[in-house]
Amino acid sequence: MKTFLAALLCALAAPALAADTVKIALTGPFSGGSAPMGTSTRDGSKLAIAEINAAGGIQVGDKKMKIEVIERDDEAKNERGALIAQELASMPDLAGVIGSVNTGVVMAGDKHLQEKGITKIICPAAGSASLTQWANKVGPPPFEGPKTLSIFRFAAHDGIQGAMVVEEAIRLGFTKVAIFFDSTNYGVSGRDDLLNQIKAQGNKLEVVATEKWNIGDKDMTAQLLKAKAAGAQGILIWGIGPELAAIANGKAKIGYNVPLIGGWTLSMSNYIDNAGANGNGALMPQTFIEEKGISPKIDKFISDYHATYKVDRIPSPVSAAQGYDAVLIFAEAVKQAKSTDSRKITVALEDLKTPVKGVITTWNKPYSKWDPANFETHEAFRRPQVVMGKVLDGRVTFSNPADRDRLKAQAAK
Amino acid sequence: MPGSIIAQMAVSGALMGLVYALIAYGFQLTFATSKSVNFGQGELVMVSAFFSLTLITLGLPYLLVIPLGLLFGAAVGMAVERTGVRLALEQRSEGWILLTIIIGLFLFSFAENIWGRDDRPFPTPIPSTPFHVLGVDVTPLEVSVLVGVLAVMGMIELFKRRTLLGKAVEAVAADRDAAELMGISATRTIVLSYALSGGVAALAGILVSPITTVGPTMASALVLKAFSVAVVAGLESGFGVVVIGLFLGALESLASFYLGSGWREAPGLLLLILALAVRPTGVFGKAVIRKV
Amino acid sequence: MLKRLLLVRGSELVMFAALAAIPLFVQNTYALGLLTLLAIYGILLIGLDVTVGYLGQVNLAQAAFLGIGAYAAGIGVTRFGIGIFTAVIVAAAICTILGALLALPALRLDGPQFALATLSFTALTTIFLNELEPLTMGAQGLSLSRPPLLGRTLSPRDFYWLCMGFLALVWMGMRNLLSSQWGRAFEALRDSPIATDAMGVGAYRHKVAGFALGSALGGVAGALYAFNFQYLQPHAFVYELTVILLLGVVLGGRKSLWGAVVGASLVALLPNLLSNKVLFQAFSGAGLALALLAGVRGLSRRTLKPFQAISPIVATATLLIGSFVVKNTEDWRKAIFALMLFSVVVGLPEGLMGFATGFLARLFRVDPPPLPPPAPLDEVLPRRPADGEVLLEIRDLKRWFGGVKAVDGVTLRVRSGHCSVASPCRSAASSGRPGPGWRGRSRTSSSSPA
């Protein structure tokens, strides 16, 4: 019985016979509280893949190869992420993996991919730890990062976001703030980033309350009452959609009208929908705003997304745009490497010779050779690609109109 | 910490505790007649809440949605009895524990796929702007929970005491075999108790959804606490659940305030284990004498 | 006799040999990983089977013990730098203690209340694991690396063999235990706890010991789990997992080591089963055929009620039809579990292995194990005591039934060769008040039975 099962297993795990496609795995949470981000990334990526395949595929050496998609739902659960990573790592002809929303999933699973040298583009997980886990660390215990790394990130990491959030709080004239965060890796590393940034920007903000919650909590009245009693003028917040909405609603219930300034997850559709009018005014860094009229490429992306997935609003515009651009960059790397060998793709990614025109921006050599002392070598985003967004009446818009003008001018070039 | 905050937390918590009391009351109804409870009651609450949400999004007025939702809950309760409980009762076994868990699991998956995995807001005509009463903020929504719970429990108690059918329920609860000898169909009475229990669960779902949003996981936490309330109050004690529910709700709220939101559930669970260990029949219940 | 030995022990040997040999042929690390998981779940389910199968209680706490064992091992390795074997022992010890502590109050209860108590324990464990951040790293998760064994870093293959080794050890240990006095005590107290008590086999004592044993095995599985995934999170060990474990035990077959392992293989392989549609359709088709067979047979022989016969057919048919209609079987995973569990609980209560062993036993015509030879009379009957020797002495015996005290302070001595009569001085039992006790009077008689 056991041997039969084992043989069955081997049959299941056996490699697919078609070897003339570029196999890309798209992973992420397609269910659960983080699902809007996971599905948007996947759907944005698939949009790009469909466009590439419609044009015949990627030029790999002397033939064109279409992209074949393998989807895996990690349900935002770390052990599922680990299992999926193990499964993908054992696939013999996988070109690369794009995805992951949750920092914990990345921390649990990516080690398996790095072991086998499989190229992974983390998108859109922004928790700092996802990439800094590979960087050199001073003790205790001291940690020396690997000399080569096949993991890249394609998202505005929390270092950038934390800086922008703190800057915004200072710009609005606050002196006392509360820091709210969820108990996951994302929330905790967000809190750490905020505290570091406050210090780095001259200690102009006094943190009068630090409160946390767990995923699934519905009632944050206790935390809000404490912040209100301490006199916080704004709440710097790191969490995901459903709980953020509960906080917005709870805030309204106790009559505590201070703005929420926080991580990009404040743009999630399940925050906006569940908070309703109470969600207006939330400020967060965004790499992409779903607004037409900035450039023809962006307009086409938005229209195509709406038409293909039958929605009138992208659940997580940032995730979708990043998923889309990540595929374009990956395809370019495959083309440059002239191979579907993941290790060669990593080398090509680190030294992309042709600029890639994406919806977020035009990418010029987004990555460089991995240096464990400087994790930004495998980060594509820098400050100029990120703007401050604001939630207003069910959508995310530019908080600062100057940013819109800047992007329009950039796109016109 | 200012006393007003503590009072606020205690009152808001107590009102949530009423929802546990309502679900616990549903447990009592089925336990009284059949010595069984639906371990999947949380999923029943959730599915009824989703059903009501669908009705509302289809445009039906709120006042019509409530009775329809209750009927739906009653129907599901009867289905649970037929598929999960009756067989086990006939065999005098406790297989209904596992079977009701299984049915709950099925309903959970069903709801996930039909209505999606996200939490959705539940529109309600009842406003949620708080008004001030004795130093604490209370929303009309919370008051509606109080009214709903007391009204339903009152109605069912009246039903049990004043109508013939209700007396039949009491008879089967007291002594099933004697009741059958008197011509009362125990099976039909048990079906009725499960229908009532389902209706009560549906009401709990409708009352609590505007506060907690509707999602597949909305009730799994609720149900364990409802069990706490039911066990601590005694599975046969009627209004005792209200008292214990208020107490537990306030306790939870204060625990989350002083210890952190993660510890919110802990008092209820500890209370349950202690109650089971020390006095399984509950604070208000009667000691059970087992005949050898 | 020899036939039985050959078939039963022989098949076990074949199974373990096959399992041990697999890594020599299969290089795919993912497949190896799944089989390692199979071993771990096997140990876990054997532990769960003790309470669910042998003690007959719905135990919803096994996921918690998996978690406690895993975290115990994880914290031990990261904070105290202990090795693999030490970690397993520590995990098992902690779980035994906690299991006994939980069992002491919980096992005084009946079915649903016991299930509730174990359910609360699971929920509480998740809370503690999540909130005690300084110790467990809470929701951020605990990362650990597999310590080297005897100086050698374990490759996936080595680790697989280690887990299989543990499974084999647990298997042999449990087999010995269950065919000993303990096993018989478990069987007795499952079917009739009151009679078992009356026989002098402390039902309560044995139940607690059984539960603690099951928890210890959960701890062992937990430690191996920690070393397998090398990353732990509190929310991996919740109620949902317990239901899946119950599925494994019930489907595989209660009260059976084979059943636990078959169940474990199903649980470990289920996600793969579901993602491959064709396989799933084949599987549910087979299930439907089995349900039809069992149902028709039960109905015709009137061993099954109509509901019992028909509902598994409906459930498996739903599975099959669903597999064709539904777009993504992964999404419906829980519903699929539920339908499978339902069919098995209602239609095949002995589980797959129970059904299979019955079937195989009839096929191979294996005789049941022989009864031990009758002992000589001298051994069975007590020795004939000397005249006048006290045969039975009762001191201050009291017996309550609920609130009624039937016997209040009886003292009695029965001597060999005497006839003793005990009569109540006052009718204590009927009046409900405690009587002054019974007085015994002895009379000597020449002939007396032994």
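Every chain is named by a letter (A, B and C) in the order it is written, and numbering of its residues begins at 1.
Methods note: a contact is a pair of C-beta atoms (placed from the backbone, for glycine too) under 8 Å apart; a residue touches a chain by one contact, two chains touch by 3 or more.
On a predicted model such as this, the values are computed, not experimentally measured, just so you know.
Asker: So, comparing C-alpha centroids, which chain is the farthest one from chain B?
Answerer: A
Asker: Counting C-beta pairs in contact, which chain pair has more, B-C or A-C?
Answerer: Answer to which pair has more contacts is B-C.
Asker: Can you give the whole-Å distance between the Cα centres of chain A and chain B?
Answerer: About 40 Å, centre to centre.
Asker: Report, in whole Å, the distance between the mean C-alpha point of chain B and the mean C-alpha point of chain C.
Answerer: 31
Asker: Please tell me the distance, in whole Å, between the geometric centres of chain A and chain C computed from their C-alpha atoms.
Answerer: Whole-Å distance between the two chain centres: 45.
Asker: Among all residues of chain A, which ones touch two or more of the remaining chains?
Answerer: Answer for chain A, listing residues that touch two or more other chains: 31, 183, 214.
Asker: On chain B, where are the residues touching two or more other chains?
Answerer: In chain B, the residues touching two or more other chains are 112, 260, 262.
Asker: Can you list the residues of chain C that touch 2 or more other chains?
Answerer: 130, 331
Asker: In the complex, go through chain C and note every residue touching chain B.
Answerer: Touching chain B: residues 58, 105-106, 108-113, 115-117, 119-121, 123-124, 127, 130-131, 194, 239, 243, 246, 250, 305, 307-308, 311, 331-339, 341-342, 345-346, 401-403 of chain C.
Asker: Mind listing the chain B positions that touch chain C in their complex?
Answerer: Touching chain C from chain B are residues 36-37, 39, 83, 86-87, 90, 94-95, 97-99, 101-103, 105-106, 108-110, 112-113, 220, 224, 227-228, 231, 260, 262-263, 265-266, 269-270, 272-273, 276-278, 280, 287, 289-292.
Asker: Taking the complex as given, what residues does chain A use to touch chain B?
Answerer: Its residues touching chain B are 31-33, 35-36, 183, 212-214, 216-223, 225, 229, 242, 245-246, 253-255, 270, 273-274, 276.
Asker: Per the contact definition, I'd like the list of chain C residues that touch chain A in the complex.
Answerer: Answer in residue numbers: 15, 18-19, 22, 26, 28-31, 33-35, 130, 133, 138-141, 143, 229, 231, 233, 235-236, 262, 265, 269, 271-272, 276, 279, 330-331.
Asker: Per the contact definition, I'd like the list of chain B residues that touch chain A in the complex.
Answerer: The touching residues are 1-2, 5, 8-9, 12, 16, 112, 117-121, 128, 130, 137, 139, 211-213, 215, 217, 221, 253, 256-257, 260-262, 264.
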